[in-house]
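Labels run A, B, C, D, E and F following the written order; every chain starts at residue 1.
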Amino acid sequence: MAAHCPECEADVEVQGLMVGEITFCPDCNAELEVINVEQPEVALAPEVEEDWGE
Amino acid sequence: MSRVRVAIVGGSGYTGGELIRLLLFHPLVEITQVASGSQAGHFVHSAHPNLRKISTLRFCYPDDLTSCDVLFLCLPHGVSSGEIERYRTLAPRVIDLSGDFRLRSPELYRRWYGHEHKAPALLSEAVYGLPELHRSELSEAALVSGTGCMATTSILGLAPLYRAGIVKQSIPLVLEAKVGSSAAGAKAGPASHHPDRSGAVRSFEPTGHRHTAELIQELGQPGSELQQLVAFSATAIELVRGILVTAHVFLNERLDERAIWRIYREAYQREPFIRLVKERNGVYRYPEPKILAGSNYCDVGFELDVEQQRVVVIAALDNLMKGAAGNGVQALNCMFGWDETLGLTFPGLHPV
Amino acid sequence: MSRVRVAIVGGSGYTGGELIRLLLFHPLVEITQVASGSQAGHFVHSAHPNLRKISTLRFCYPDDLTSCDVLFLCLPHGVSSGEIERYRTLAPRVIDLSGDFRLRSPELYRRWYGHEHKAPALLSEAVYGLPELHRSELSEAALVSGTGCMATTSILGLAPLYRAGIVKQSIPLVLEAKVGSSAAGAKAGPASHHPDRSGAVRSFEPTGHRHTAELIQELGQPGSELQQLVAFSATAIELVRGILVTAHVFLNERLDERAIWRIYREAYQREPFIRLVKERNGVYRYPEPKILAGSNYCDVGFELDVEQQRVVVIAALDNLMKGAAGNGVQALNCMFGWDETLGLTFPGLHPV
Amino acid sequence: MSRVRVAIVGGSGYTGGELIRLLLFHPLVEITQVASGSQAGHFVHSAHPNLRKISTLRFCYPDDLTSCDVLFLCLPHGVSSGEIERYRTLAPRVIDLSGDFRLRSPELYRRWYGHEHKAPALLSEAVYGLPELHRSELSEAALVSGTGCMATTSILGLAPLYRAGIVKQSIPLVLEAKVGSSAAGAKAGPASHHPDRSGAVRSFEPTGHRHTAELIQELGQPGSELQQLVAFSATAIELVRGILVTAHVFLNERLDERAIWRIYREAYQREPFIRLVKERNGVYRYPEPKILAGSNYCDVGFELDVEQQRVVVIAALDNLMKGAAGNGVQALNCMFGWDETLGLTFPGLHPV
Amino acid sequence: MSRVRVAIVGGSGYTGGELIRLLLFHPLVEITQVASGSQAGHFVHSAHPNLRKISTLRFCYPDDLTSCDVLFLCLPHGVSSGEIERYRTLAPRVIDLSGDFRLRSPELYRRWYGHEHKAPALLSEAVYGLPELHRSELSEAALVSGTGCMATTSILGLAPLYRAGIVKQSIPLVLEAKVGSSAAGAKAGPASHHPDRSGAVRSFEPTGHRHTAELIQELGQPGSELQQLVAFSATAIELVRGILVTAHVFLNERLDERAIWRIYREAYQREPFIRLVKERNGVYRYPEPKILAGSNYCDVGFELDVEQQRVVVIAALDNLMKGAAGNGVQALNCMFGWDETLGLTFPGLHPV
Amino acid sequence: MAAHCPECEADVEVQGLMVGEITFCPDCNAELEVINVEQPEVALAPEVEEDWGE
């Protein structure tokens, strides 16, 4: 069972990760914090807006 | 199992060359003949230098074509519809990459091409060879049409939103295509002269572009054309292969980003050649045609302006691959019930 | 007549370098100082190699700037509004090429820039430095704002139609800008890394682009903002200098081509830097940014779809010239009542 | 047969990304880990966007690498020689694509790299991983070095003439390499900033280029260095992938074209990745790097000036393929006694 | 003072267009006629879109040319020598940009052009129009020849070393030119077709290039040809305007860098259009053709390998400017005793 | 058995061709005339030098 990305709802695998660890959404690349592993859940990590240079 | 015997007409051109390249590595196909009026007798690598040491095939004269299982036509617009009867005697299944058999309706054809079709009776029989939309029809099809390269990009980008019924059709649909020079084919002329074409940002057919007709046909409700006003314009840019279409669509309801994600995922998650590209970080946040060169992917992304209820759809592909020859091979795979990815696994390069 | 004494802040950047190049050849101007934090002490040709043997100027520290007649600010967004008081003590007339003083209304600024302006009181005083629209205000102006490069292209392309009152404002205005890499300035980073940026067709800010605000301000009725929905998106393409904007405008009456020609001619026939480009033959039928590199022209063309009552407007310029430094010099010429073309006669190259 | 387990260090860079792309489609290999200090945790497609939907691999930290059958090192110059002991504990066979283990002689290394080697004892053990010259040594090799991209092009172009003993070594050998931007790696900086790098024809290291050392080692008689003076210079041009080397060689006897053809044919007719390109007609008469992008070919051509007894040798390849990762995979295939073309059959594109 | 009346034949081509652009802004010249067989009747901006709104000149038929003070010939090789008598009746002074009158010796011409010259008697009279080498002869010249674009680059780069007598002529001189597509003129064909020419690194005439003859003539001792073996090869790269030549010269004595600096400075410090470019830092360390587009500079740099007694000379220019039309205008200025920089002050762009 | 290209000595297949017919060298692309099929032999066909445009 996978968590869902709060940004785009993609399945996010949390197996093997620990609560508090950072992972990334396979689809939208959002930086995600693992909230729960048993009941898989992730939240958006606080993000610094990158200067994209355009 | 013996290989399916495929021949190609117009093999000295760009889509023809791409087909040769793909089919030489296709595990279930054998190329029997490649015809070219201007290059007959020459090795295929004299027109397609990438094929040196890979194939010792030579071009034959178009008149020397013999029968085969599948015949690909890679000819300029208007040629195949005039000779289609002869070509159909050569093979039970014909795939025509030109614009001649893309439209189902002779009226739509006349409206956008400005003249009568030469074989109107065949139009209803031909299948618009886009597997993502017409997969099931392909399995039985005897006459398959290739798809317009900019039309394909646009349709694959927009179809999920139209199928979901969320587009507000009272507002015109505006699409802007950016396209590379190979889309105009292998014939040299002043418009393709390097000092002038290089670095160009050249508007062409800002109104009245023929690919519009394919959008009207394919984005409409099954069986009826789209009545929405479609404003399609194209700009040739510094690029050899590749198309990027930016489309502005207005929604008939207020949706959030996740709802749009859901619609695209449902439409495309089982599609081997469509990828959703929409990232929050990095340099490659949206579809980018250059990393698709040689691959059969169509990458689709979007951005939502919640307040304006506007979705900007961004779609990219390689005009010679998913926009022409690659899609033709995928259609061929469908026609024979094979794995659709056969011969089409090259992933594209980065950097490039 | 003694020359007007001009200094430049941010002189190591791209717009700064372009200003130096132009002003070195301006007959009525003398460059007194060019400031750069990172290059102080170096010759200007170390940052701008084209100026070797042309000038022996060296960069000074920004803190070493002394008073002058006109001060050009060529700084990143958000810097000049924070230090504007100091800069105004150095010169009675300041021209700021950044986005900080382009908008007249603090609300419009907040809406599109996402934060409060640092010197809102000055906004009403500053002049939007586009001579074609604000020529008379420039002669007395003490604080002049440069204009957004994509905004300038769009506004110059569309203003005649809006002024003529023929645009149907119930339909959204859709604009697509194609832009080169110099528009993002001289600072290197992953987004400008050549293997990735080369050949790119990169969507950025498909929604919410800040230049939209300038369109809303300048295309609206004098004194009030445009209420029409404006959908502006931008795509970075393989090009160093240059912008091409394609805009789709719907008309509120049925007009023919000649009517549109007439509107543009009336608007622009006395403008030294606007050319109408719309040819029936040849390769250069519509505006083409590459032949504008180094020139101060904005080329404008159009195509009419009579049936759809749609005009596709196509406008092009060099972002560092008419989109920034060249337009700044033209504004300077206006401010001093000089011939507007002084220092700006380079016609552009072909081929290039 | 179970797949050979391969891991990659420096996987976020360009040669690392190319290796991932190739090995994901290699029928006898499994990628176990890909390490990156800066991208650990990210999917490989975040650094290599072409791999989206193709692999769900994630980068690991270099410290988290576990043991495997073969370890590829794709690190900047000077790094691997400092940590080679640790890497060798992870895998019985290591392939290092950097310059650290290309030279057999610590003296030659010191002379061209300007400092002492960090692990000189290993130099004599390592194999210069160019299959065309060191095929047999590869089968037993535990430490294999990748080859310099411009050196590889030069060596493959010239080796047959040197092996044939027809080069007049009293005249200096002059070589000029033209090279694309990806040869400098994935790290952004002022030299790779698009507005400056685009359209560049930039001389770098006109004298003293380190790749010269590889030529001296590999073109010399087996066991002894070339004593001939080698003048190698390189020019960065507008290109992302690709190298073309032009070399001027003088002969010690008067030979005609067919004699040169014979020498090259004998040397290369059984080589799967070398093609002789020398045509009397058409546009692609000599090697052309652009059609090699993504392929593992090295194309070699020549022109003879009979009177001057001079041969101009022209050789081309893709620096990330036959110049780095592709050659690395070919070497891997040699090491395991596999068909050398496994994973390397992509023929390159045309047009492109 | 009344302006000098100048006419141009071959005005629809690239060098012709560049001449028009330059002379329209020349303060002492008036263009009386511009002839073109294919474009007669058309405005000059139909062939040269950069001249729109700048000139209302129209092309005339070559047969309609009337007399003028100076006639520029911008015709393909071999044309002007066949019609030179007629052209000389039209004007007392003729400047021919083609290769027809570059060589002083009919034998040298035959050796490199492969056929007899059509007007051999004129060869000794014509002046090789490179002001840096033949300034004094130009003032009286009635027939002036333009110079080969790659030859000019090479000669300007090397002449100081040859004049200084420090070149070891027993070792062949090897030169490699990198050149853009505009050098091949305005005529479209398969070799200039954008999808094939774009991104090309195309060797052409690796041996036997005609520009070699100019080097032999101009680098030799005054009055006698260079006897040293000259190995010149050229590679067409992705670039529209511009040439970079890399030359490898061996010295007959051991010199240090300062000695070479001194030689170049003495040769060129009073030359308005030659700049020495050799920096220890930054991105633009050596000559770079792209920043020369539109300018008349030839930038020259070098690198010394003290041990090998080898100098790598690097020289760059814009083939249509210092390599053709710009140099032609400079020669014109010399012929009339004017300031050589008249009409030639555009400094080139950065970035570009 | 194959003929040899007079230009570059490549093997040139003449099977299936007739004397007088034109073929091309697989290596150097020279235009070749078939001289003999039994004792395979080809000769360079008279060639028009192409304008290569550079």
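Things worth noting here:
In the analysis below, a residue touches a chain if its C-beta (ideal position, glycine included) is under 8 Å from a C-beta of that chain, and two chains touch if they have at least 3 such contacts.
Here the structure is a predicted model, which means the values were calculated and not measured.
The fewest steps needed to get from chain A to chain E, moving only between touching chains, is 2.
Common neighbours of chain A and chain F, by the contact definition above: B, D. Steps from chain A to chain D, taking the shortest chain of touch contacts, total 1. Between the interfaces B-F and D-F, more contacting C-beta pairs are found at D-F.
Although chain C and chain D carry the same sequence, what matters here is overlap: shared residue numbers make up over half of all numbers found at their interface. The most distant chain from chain A is F, comparing centres defined as mean Cα coordinates. Rounded to whole angstrom units, the spacing between the C-alpha centres of chain E and chain F is 41.
Between the CA-based centres of chain B and chain D the separation comes to 36 Å, rounded to the whole angstrom. Averaging Cα coordinates per chain places chain C and chain F 61 Å apart. Chain B and chain E have centres, each the mean of its CA atoms, that are 46 Å apart. Annotation for chain D: residues touching 2 or more other chains are 14, 46, 182, 186, 190, 193, 195, 199, 238, 240, 279, 281-284, 288, 351-352. In chain F, the positions touching at least two other chains are 29, 52. Those residues of chain D that touch chain E in the complex are listed here as 171-172, 174, 176, 178, 190-191, 193, 195-196, 199-203, 206-208, 229, 231, 233, 235, 237-239, 242, 244, 246, 248, 250, 282-290, 301, 303-305, 308, 310, 312, 314, 316, 351-352.
Interface residues of chain D, counted against chain B in their complex, comprise 14, 17, 21, 24-25, 46, 48-54, 182, 186, 240-241, 275, 277, 279, 281-282, 284, 288, 291, 293-295, 297, 299, 345-352.
Those residues of chain D whose C-beta lies close enough to touch chain F in the complex are 257-258, 261-262, 265, 276, 278-283.
For chain D in complex with chain A, the touching residues are 41-43, 46, 56. Those residues of chain F that touch chain B in the complex are listed here as 22-24, 26, 29.
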